[in-house]
Each structure stands twice: as structure tokens, then as C-alpha cells.
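The block underneath contains the structure these notes are about, expressed in C-alpha cells.
We call the chains A, B and C, going by the order they appear; numbering starts again at 1 in every chain.
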Amino acid sequence: MRPITPFLWLLFSAGGTVAALLFPVHLFLTGLAFPLGWLEEPRYDALQGLLAHPVTRLYLFGLISLPLFHWAHRFRYTLYDGLQLKHLTELIAALCYGTALLGTAAAAYLLWSVP
Amino acid sequence: MSAGPDYTLYHPRWYRRRVSVWWWLQNRAYTGFVLRELTSVFVAFFALVSLWQVRALVQGPDAYAAFLARLGTPLFLVLHGVAFLFVLFHAVTWFNLAPKALVVRLRGKRVPDRVIVGTNYAAWLLLSAAVAVILLRG
Amino acid sequence: MPATVALSVTRYRPEQESEPTVQTYEVPFRKDWVVLDALNYVKDRLDGSLSYRWSCRMGVCGSCGMKVNGTPKLTCAAFLSDYLPGPVRVEPLDYFPIVRDLVVDLTDFMQKLAKVKPWIIREDEKPLAEGEYLQTPDQLDAYKQFSMCINCLLCYSACPIYGLEPTFVGPAAIALAQRYNMDSRDQGARERLEILSGKDGIWECTFVGECTKVCPKHVDPAGAIQQYKLSGAVHWVKSLLLPRGGR
């Protein structure tokens, strides 16, 4: 198989773009505005209704999976360069992309195997 | 007359400086770079929170209520506060650097960087507004 | 305006010391002097043993690259007045072995430059009878910025990845590869991509961006590398979807 790095970089870029465009608003609402009562949070049945749409499921899958791969790629290089852990390069790569894959699998399972 | 690799490697009196493991503290630009890279940790954090949210949602109203309660605890509020700052830092640095990779040529002329950056910020605003409307209406 | 300014210069004489030291010289301050003028004053009047490279003294040869107060600069372009009240710290470029005083060995870069094939590669030579290659101003514009590189290596000295991973091809070499990739006369993009998409190539870069910041000719090597990554990734996708695909 030809080197996979270009593909990993594409995932990194896609994830970074998703995180940049969508995480600020989602994080602000879900992590701060709703718990602190600044804004009224959506009711459970409203969210359930949204989740029923396949588009929402696809959206959530992208929202979770792509940023995880963004983190995996970036964090791997940060450990390698920043902490100069060159001798552990295979282990780091496996842990990073492995975690991203696990998160992706979990998201896929929750969004499509559970009705 | 070309120097083979051995010539450089074994020259004993050239002084080779070691790069310290604290290289990234040596100047502001390097430190800013490492902080930018560390934003990815908070990106992963929120991705996992979102995964957790989906799981709670799927498990039922009680599980979801418990999830919401957890998000309201001081620990998570602080985590999210810090994460929000890092995610903002990620977004701003990402949009500002986008034109470096995305060179668009229209009719032979390169589209100016500020147009690419502006388009990114506009998309950010639009999408954030759309998400907010969807979540606040329900 | 002071009459003199202090210059703290790295000295390294392998025949008498095993580590670099610092020597300070008091040089006259002149409003129009650059650090190179100060170094030349030292060599002419104070200490003829000081070793350093310089040539054109006008920012086109790329010989006089050194670190001035920690930042890689061309000493012929660093005005003393910007560093008042001093002392002005002058050191050899980072990440290259020091040969003597302010002189570093550049062989590593020279080998890497040759590796990226910085010349027009043609699959089919155009016969002389067909005349010269014609290029529109827009075609020239596509690569002109990257052709401004004077090989001064300030970008290598600014790149922490090059410091941490000395086998990394480096900013200038990649920018120069792009200069030829983007040239409408060149047909060697695929060949260069083979070389640069492997280990130590473009994928080592994490877009720190310091190389572009220090470049005295505004080549923007960081931009060249990110564009190269995008084209490399697109090429990867294309080759996956069309295994026997066209060019």
C-alpha cells in the first residue's frame, strides 16, 4: 500500500475544518450556555426528533469522527516533535489513530445500530 | 568535486549544538505554535463529550438527564470554559492559515488571501447561526 | 544617538577550545550601518581573526545569514539602529554544525537541494526548430514568488522541525521544488512528488510558519509546502480512484 500519510493529512484537514466551523457554537451551547441557564436548552423529545433524521445522524457522525482524526494526527506530531519521543513513534501512531478509530466505531454503532 | 555524506558526518571538530527538549519555550512564536497544536486535545475532549451526549440521548430520558446534570457540575463547567478558549484559538488560527494551503486561481489571477479568510469567517458565522437556531427552536 | 554599540559575537576556534564562547567588541555606531558593517569594522580594525561569510552586502547573495538577537537575519539587512541600545548578540545560524566562529557548514542543504531536482524536467524535449517556450504573465506569476529564493538558509535556522529532525528536507528545498512544479515548462511534478512525499519530505512539516516569517525575499516557503501537501493529497486520491489513470 502506498504511503497513507496523504490520506491521514486529508482527515486531519477535514477534522480541523469541522472543529473550527462547528465546535465553537456547539461547545458554547452544550458546555456553557445550557448548563449555566443562559439559554433554554432543547427538550429531550425535540432532540430525539432531530436524531430521527438520517441527516442528523450523518452530521453527528462527522462532528465526532473527523475531529478525533484531526486530534490523532496533530497530537501524534506534537508528541514526536515537542517531546522528542522518536523511539516510540509506532506506539504513538497506533495509540492516536487507534483511539480515533475506536471513537468512530462507537459513534457509528450508536448512531446506526441503535434505533 | 562533491562532498559525500561521510565527509560531514565524521568531521570531528565541527561543533554540533543539541536541541533542548525545552526548545518550544525559547521564543514566543514556538510557544504559540505548541499551544496551537495542543488545541487538538480540547478538540478531542469535546468530540468525546459529543459522543457521550449521543450515547445518553440514545439510552433514554433518564440517562440524558443524568448527562445534563454532569455537565452542570463545576468540574465540567471549568473544563468547558477552558476548552472553549482553546477551540476558539484553533478556529482563528485555522481560518487565518487556510489561504496558505487553498490557493484559488480565478481566470489566471490568484484570489487574495483576505477573500479566502473572509469566506471562512462568513461560513463560520452562517453555520453557527444555523446550529443555534436549530438547537434553540426545539 | 550613542557613539558606540557593543557587539557580542560567538567565537569558536576548534584548535584552542572545545565549545563556543562569546567575545564582545565595542564598535562605532553609525545611523546607516548594518550588522555586517559592524562585523567588517571588527575584522578590519579590532580582531582580524573573526571568521564569517558575506559577499554582495545588498541582500541578493544569501551569504551573510546569522542570528541577530536570536532571530535569523541577513546581517547586511539588519540595521544597528534597530538594536539599540545593545549589546547586539550575533550568533551562527541554528541547526547547522559550526565550522568556526560564525561560519556553519551548509553541505546538508546542498545535498537536499540536489535531491529535489531543481531544474526543468521534460519528458519530451522541444526541438530547436519549434522555437522558445512561451509563457504568459499569469503563468509566470504561478511560480515567480518561489523563484526568489537566494538559498540564505534563514528558514532552516528558523524551522524547529529541521532542528529536531535533521533529515527533514526543509523549507527552501521544498519551495524550490514547487518553483519548478508550478512552472508551465516543467513536466517533472510527479517525479518530485515521489521524492518529497516519502519519509523526511513534505509530510514532516507541521506548519509552524517561522520559515516564512524570517525569509528576506518573501518566498513564503510555508505556503509552498502547504500547497504541495494539498496537491500531494489530491494526487493520492486520484491514484486511488484511477489506478492506471492519466497524468
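Rule of thumb we're sticking to: a residue touches a chain if its C-beta (ideal position, glycine included) is under 8 Å from a C-beta of that chain, and two chains touch if they have at least 3 such contacts.
Just so it is clear, the structure is predicted and the values come from calculations on it, not from any experiment.
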item	value
Reference subunit C; chain at largest CA-centroid distance	A
Nearest-to-centre chain - CA centroid comparison	B
Pair sharing more residue contacts (C-beta pairs) when A-B is set against B-C	A-B
Separation of mean Cα positions, subunit C and subunit A [Å, integer]	37
Rounded Å distance, subunit A centre to subunit B centre (Cα mean)	12
Rounded Å distance, subunit B centre to subunit C centre (Cα mean)	28
Junction residues of subunit B, two or more chains touched	19, 24, 37, 101
Subunit C residues counted as touching two or more neighbouring chains	160, 164, 206, 229
In subunit A, residues with contacts to at least two other chains	13, 74, 77, 84
Residues of subunit C touching subunit B in the complex	12, 14, 19-20, 70, 94-95, 97-99, 105, 107-108, 110-111, 136, 138, 141-142, 160, 163-164, 206-210, 213, 220, 222-223, 226-227, 229-230
Subunit A partner contacts - residues on subunit B that touch it in the complex	19, 21, 24, 34, 37-38, 40-41, 43-44, 46-51, 53-55, 57-58, 61, 64-65, 68, 71-72, 76-77, 79-81, 83-84, 87-88, 90-91, 94-95, 101, 120, 123-124, 127-128, 131-132, 134-136, 138
Contact set on subunit C toward subunit A in their complex	160-161, 164-165, 197-198, 203, 206, 229, 232-233, 235-237, 239
Of all residues in subunit B, those that touch subunit C in their complex	3, 5, 7-8, 11, 13-17, 19, 23-24, 27, 29-30, 33, 37, 97, 100-103, 105, 108-110
Subunit B contact footprint on subunit A (complex, rising order)	13, 15-17, 19-32, 34-36, 39-44, 46-51, 60, 63-65, 67-68, 70-72, 74-75, 77-78, 82-84, 103, 106-107, 110-111, 114
